[in-house]
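The two complexes that follow have chain A in common; it is paired with chain B in the first and with chain C in the second.
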Partner chain A sequence: MPKLLETSLGVINVGLAQFAQTVTAAGGAATQVDWQPPALGDRAAGMALARLTGDARIEQANARAFAAFLGAVPVLRGIGAAGDTLPGMGERMILHAGPPIEWPRMCGPMQGAIVGAILYEGWANDADEARALAASGELAFEPCHHHAAVGPMAGAISPSMPVWIVEDAARGARAFSNINEGLGKALRFGAYGPEVLQRLKWIECSLAPALGTALGLLGGLELKPLVAQALIMGDEVHNRNAAASALLLRRLAPALARARLPHEELAQALEFMAGNEHFFLNISMALCKLALDAAHGVAGSSMVSAMSRNGVEFGIRVSGLGDRWFNAPAAAIDGLYFAGYGANDAARDLGDSSITETAGFGGFSMAAAPGIVKFVGGTPEDATANSLRMRHITLGESDSFQLPALDFRGAPCGIDLRLVVDASIEPVINTGIAHREAGIGQIGAGLTRAPLACFIQALCALDDELNGR
Partner chain B sequence: MPKLLETSLGVINVGLAQFAQTVTAAGGAATQVDWQPPALGDRAAGMALARLTGDARIEQANARAFAAFLGAVPVLRGIGAAGDTLPGMGERMILHAGPPIEWPRMCGPMQGAIVGAILYEGWANDADEARALAASGELAFEPCHHHAAVGPMAGAISPSMPVWIVEDAARGARAFSNINEGLGKALRFGAYGPEVLQRLKWIECSLAPALGTALGLLGGLELKPLVAQALIMGDEVHNRNAAASALLLRRLAPALARARLPHEELAQALEFMAGNEHFFLNISMALCKLALDAAHGVAGSSMVSAMSRNGVEFGIRVSGLGDRWFNAPAAAIDGLYFAGYGANDAARDLGDSSITETAGFGGFSMAAAPGIVKFVGGTPEDATANSLRMRHITLGESDSFQLPALDFRGAPCGIDLRLVVDASIEPVINTGIAHREAGIGQIGAGLTRAPLACFIQALCALDDELNGR
Partner chain C sequence: MPALLRIVHNTYRDSVSLMQLSARIAGLAGVQQASVVMATEGNLALLREAGLLEGVVEASPSDLLAVAQGDSEDAVRAALDEAERGLAGGASAGPRRAPRESAPRSIRMALEAQPDANLALISTPGEYAAAEALKALRLGLNVMLFSDNVSLADEVLLKREAEARGLLVMGPDCGTSIIAGVPLGFANAVRRGPIGVVGASGTGLQQVTSLVDQAGVGVSHALGTGGRDLKADVGGATMLRAIDELAADAGTRVIVLVSKPPARAVAEKVLARASASGKPVIACFLGATAAEVERGGVRAAATLEQAAAMAVAAARGEPYTADAPRLPHFTGPRLAPGQRYVRGLYSGGTFCYEATLLLSQTLEDVHSNTPVGGAAALADVWQSRGHTLVDLGGDEFTRGRPHPMIDHRLRNERLVREAADAAVAVILLDVVLGYGAHSDPAAEMLPALRAARAAAQRGGREIALVGFVCGTERDPQDFARQSAALAEAGVILAASNAQAARTAATIALRHAETARN
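Coming up: the complex of A and B.
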């Protein structure tokens, strides 16, 4: 009797699961290997990938870019007015999230935020006037990313708005973000009612100067130790910033007291920060932007240096590909909605906050944040699985930020677009959900993914660049 | 051929592992069942256990005690001076941790703390005078537990010291603890140098009044939601209180600002709280004491209502057994030491803080605190295993406090001394380690266990009580 038939036979099936199912349906044993062709079978991308995989120039460039990313030492330095502080910010300019987009194509919440910023600046008397001005071409709309800044959701930043200044103690470079307004009706979700504008004015005139004084008294605040501790405390510093916000308040409160504000004004500043568990989000975003900017501009590098969404398009930038954006349609979000809202009310994926995932936080560090998974409709196992999956598409692990649930291994970070295309694994993103119409606000939160198409385009561009087709 | 021999044989071995090892050494298959005789083979305890197991009177009493424990609604109500506030507190009385103990038998750090308390009260001019006074019999030394109070480590509370007042909104009952002094040289670890006494005076004269005013302005602070959030943020609210302390500061800071202290005094108060990640510990202990007091005094109940150590003896109290203590020698601690110290320098197990384990926190909630396990020399798996193991000796799970790493199941709580004796599983305790001599302070932290002997004694006493031998 042939030896083969003395033991029971098994089948290993690679790829399409149906073949394995046929075997098991007939009573046999089949082990299914989860595999699919690179780039979902896109032939041109597959050929480019073959040329770029193992290319020593890319490996060296990525090593440099990744080291620069890890080497950033972000310090919260102070507060400035956007108009005076952001490089290249114009007098009649409003910044927005994501890749470039013109007023008519903007999604509802972004148009709402632009209307709100115009009213806040006093450039119009009501929403209709503001819309007319926005449509007139008299104002410049540019991405935050083009001005070393990032803003959550709509990301509207106008010249009078105060911005956080995060400085790289290693290089002196700076990155910026606006100040978080809290949940519910907020400009970043497209709301522009009187209470929204009033709060923004209070932030500008009362909170921001006090924070600036406090940071001056502290001589700045090193951010890596604070974020490292927050990850041990259940934050992924994108959709959950409860610990980081509390730790920030803990550091700032004594200095705020020494800023000698009137007691009631001080109490209101502390209360505002204490009541907003997302207060740290914008700082988290700015420190990610800073570290990724350090990695940007290394010729030949396939490391992704930005992922961002304007509500219509999802765009990425790549270290070795200069200031080009590689865009694809923004995805819908798989999430949980506040009572009375559903998927039909939702705007598409929006905001610069996916800079946190680009730096290894958010969805990449989901394993750190079991507290968040219920909110976005998952289990602690899903959270850990997301972080493990992201290891397949990243250059390495953080040397500063550990994930307790993964036995204190470093957060996966440094997305290599070759790995994304090869495994067809799209980066996972935790995000808030805005109403699709202007003026309403947040209606939920959930999970989404960066579209593979962005990475395929960028891969082909890198192939052009390096292999001169 | 007999059917038995057609398949391969396996052995199931219950109890002593050596029998199974013999089988596997000879090439056979043996499955080892981890079992040992109840009460480690103590015949009298085993007989008592047999009588008490399944006793309907106990089941009903435990159900009542456990429901009362879960039903407590602890509110941080304010601050008072121990002498005016603690029930039965005498003018020349100093309270200490653990079961009753006389001055000559006290361990080094407890004697040091008593010396410090005498100097703090101005009852003596130096340490020698203080020792002479302590030995003279003119002062009364009583357990904190006899005055509705708990204190970490030495637990020294003298009449002028401010105490937290935690009130049960469900029953109006109160429990108390002193205010945490921070790490390093501290009275609770037996240090009594000038900087220790100075800090205690500052706490009494500056910090405590401000905290009292702030809590008054807030109208009290509900503690269960705060602790529930802290467990999601990596605290087990015994050896790790980083999140709870930050959340408390977040709540208190605006009210402290409204207390209209001079700015520098306010800044110092905020700085002190911000710089002490154990600030919440004493509040945690008081809320545990309050909930366990609610469960205490149910005739027939085998639920443990206190576990505490005076550095010489470990003592427990049981709901159905009145005010009696059941003591055994305090254990040494398996821990990690600060540089320059080792096991030979360590005092034995000390402090009322094991009230947190009695209520289901600390070692019982280790699964919540992966960040702490390195500090006490373990892995995240050890942490989870500890929490799972404690399920075997507890009456149920908390309905308020969830452990994310156990899929958000409730913390195991309500120790049933029958279950402890039956499985010979000793409750696990996370703890700090004091130097064995007076005047030095903390030298490490680690894990210890409540001695089985306490539970065996209490079990026999309950058997006497119920079965009238």
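Coming up: the complex of A and C.
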């Protein structure tokens, strides 16, 4: 360490701005910090943050976790039934989005989706019976995240539902997601009418087998190149999947055509996929989950490995903190609404899809998708600024996914919770808005932020873990 | 009234732009609901559900549909016109801005912007300051901690961390440093030169460095340690490190140490280290005897002024000969027999401390809120008794108020009040210039100085106003102009704090003798 007086003075000024002006007026170099008390002014958490800053154990653990994250090679391998495929999936179990939550506390859309899943499985004859069954304690409700899976919005996955299988060609690990049902009335928004259940059955019985066959013929589908191309084409693969869905269809259509399907089945499958610009979303989520699971479980790492919402709470998990969730109340969303709806109709932030931001897509890659920022009345410049800002809370940049608007720099990824708390920069999330009542569906889209409180809790837990008390 | 609709054929806009446009026209006066969408089947169904659309619409999915419902036909038509204009004009509003990096929000972010930074200057509220300092150290930065209200435990923690990393922590409560000519915090514009200063007090550093500058010699570095560094708990960690740095610094030929007397064990360590520095060291431990301080290479100075003079002599390679204390020439005010007391109103804590020491050597009945020597503690800091010297920068005065070097109001009020006291003979004042201090202290003080003299006159008295200006000719406030303005207002100006204090004591003593005779 060079002695202070032997090197030329460079000052970082935290506090009274006049001191920085004095330094520069005297010919010195000074950078003013736009300071606010870290950790929402919680002094103890602020000291924990200071203790964890520059901790070599964390830096090494993060380097390992981040390398594992970058090293994942996601391949879309096929389709399976959730009950047969998901690790630990029980026979009478329904998975949901976000951190753990019991039936009575679930938000409207999630309860609706659970009712729908019960009816879909044939465990009840009508909605009232389904609600009674859900409330009876006979069924197990667990987070998708506890079963290597992710689901958008309510994220309801029951044993009969088909799931995408995304496999890591590097490690053989797998991650899963359900199949996107399209916009409008859908189970993920809590709708469980006959048309919703019929569509789910069609997906199970017709579309999923066809997709499975096509993927078999393709021998799997490498996802990194597809997503990289989609980013260049204006997607951030969370709230905008137009390009990725088209690219996926381009890969699948010829294989489907060779799958010897009955003509009407083939036509329906192609029409369904062509009509859904978010068809790729669930695959995007699964590949993010796969890469983040690769980074999870590195002792001492402060890298965030999941961010997710159950409509009541926002929860995060951290690589070095095992299976614990760190939760805070889910935020309201700043967004635009479809005709006839407004902020009063909106559910709170919901869904596992913020796994995409955790992996550096969505709000973090907003520079790739300037269109998205208009959801909050922003400009393409705001989109770029958002991506630049996220760079300050991440461990690095993606070596696979580039952002053209940032001179093809990599997408910022690998959230370090210390950086979030230090700079009070909350991860930005692009998201859809569900109606707060079950079954009405998506009523808008917008931006939200991962609450700082989750990161502060996790920070204190990591301090306990590493520095004991 | 029913909704009106307008179709724009064969025009595509992305849904997000359209939602934005919809939100805009729905917000126009007199509009209840409005929507602009591509006329796809799904969108038409949504509009029907929202009650904005009835019957069959002659539009294809590649057409745009604007629909609005409102209080009057005019309002609705205006909304649809606005929608069409919005479609024609593109969705973006406002001038283009280049994407820019936001200002750094943490030390770490600032370090990304300025990777060769080597010092964090921290002046946040005290309760957060220790954490910021610890982060800075852990990121490899030296620290100047201007903030006060940092606990002793945190200070010890920070200084241990710094020691382990070979870094320097100046502070907490370090008001002044100068590194390689760059002023940090409250500091004077002093020329560069061979004298390095380490001080536990900000105003002590300001006095020594200013007097060195006035003598035509310069300062290599002035390093503040914070007021508690030399307490037993902290063990002089910063002063020891600073002595090492100055010992190793090629530009430093003479070292000055400024402090209240340290804890005995700490003093031994500090003086041993100073003695081993290989450079001449002047130690001004205010209130300590020369015998307690002096050893090989280390000489004691009784006052800040003497420390500066000894350092200047050493830097010039001349012997220091202790002159009799010099006092300014003045024509004494005509004091009434009852005027006996000195009242010192200080903005600088060390000035108050040093003056209290000096006054209590020659006067009886000396009181202070920071008592030292023979002085007694003031029972009520707001109420003077006998000879009283107050540090108006003390916690009891600054709670909820700016420091008196920045805001003169509190001192001005007290100045007038003291002058109205028939027992007061002399009012003693410090005027601190330099970065961080008020931009024109003389101008701030003049009305109060006039009011003070007027208050005395109303009682048929005159009063002696004695002060000194701590500063240099290059300070932003202009030393000469400040001095002239104060002299013009009748202030007897001494060259240093020690001289001002002695002048006050002399006036009080002479008058006491005159009154007796």
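Criterion: the second predicted complex is superposed on the first by the 433 of 469 C-alpha atoms of A that agree within 3 Å, B and C clash if a C-alpha of one lies under 4 Å from a C-alpha of the other, contacts with A are read in each partner's own complex, and residues count from 1 in each chain.
Simple rule for what comes next: a residue touches a chain if its C-beta (ideal position, glycine included) is under 8 Å from a C-beta of that chain, and two chains touch if they have at least 3 such contacts.
In this text, all values refer to a predicted model and were calculated from it rather than measured experimentally.
Asks: What is the contact status of A:His263 with respect to chain B (first) and chain C (second): first, second, both, or neither?
Replies: First partner only, chain B.
Asks: Counting only touches as set out at the top, which of chain B and chain C does A:Thr379 meet: first, second, both, neither?
Replies: The answer is both, since A:Thr379 touches chain B and chain C.
Asks: Would you sort A:Arg131 into first (chain B), second (chain C), both or neither based on which partner it touches?
Replies: In the superposition, A:Arg131 touches no partner, neither chain B nor chain C.
Asks: Tell me the contact category for A:Arg43 with respect to chain B and chain C: first, second, both or neither.
Replies: Only chain C; A:Arg43 stays clear of chain B.
Asks: Go through the superposed model and pick first if A:Gly371 touches only chain B, second if only chain C, both, or neither.
Replies: Touch partners of A:Gly371: chain B and chain C.
Asks: Using the touch criterion from the header, give the chain among chain B and chain C with more contacted residues in chain A.
Replies: Partner with more touched residues of chain A: C.
Asks: Touching A:Lys185 in the superposition: chain B (first), chain C (second), both, neither?
Replies: In the superposition, A:Lys185 touches no partner, neither chain B nor chain C.
Asks: Quick check for you: in the superposed arrangement, does A:Ala423 touch first (chain B), second (chain C), both or neither?
Replies: In the superposition, A:Ala423 touches chain C alone.
Asks: A:Arg309 contacts which: chain B (first), chain C (second), both, neither?
Replies: Once the two structures are laid over each other on A, A:Arg309 reaches no partner at all.
Asks: Show me the chain A residues, by the header's touch rule, that chain B contacts in one structure and chain C contacts in the other.
Replies: 371, 374, 379-380, 405
Asks: Would you mind writing out the residues of chain A in touch with chain C in their complex?
Replies: Touching chain C: residues 1-16, 18-20, 22-23, 26-38, 41, 43, 46-47, 49-51, 53-55, 183-184, 336-341, 371-372, 374-375, 377, 379-381, 384-385, 388-389, 392, 405, 419, 422-425, 444-445 of chain A.
Asks: Quick check: in the complex, which residue numbers of chain B touch chain A?
Replies: Touching chain A from chain B are residues 229, 232-234, 242-243, 246-247, 249-251, 253-255, 257-258, 260, 263-264, 266-268, 270-271, 274, 370-371, 374, 379-380, 404-405, 407-408.
Asks: Note which residues of chain C are touching chain A in the complex, please.
Replies: Residues of chain C touching chain A: 14, 16-17, 19-20, 22-23, 33-35, 37, 42, 46-47, 49-52, 67, 91-92, 94, 96-114, 116-125, 127-128, 130-136, 138-142, 146-147, 165-168, 179-185, 187, 189, 221, 245-246, 248-249, 435-436.
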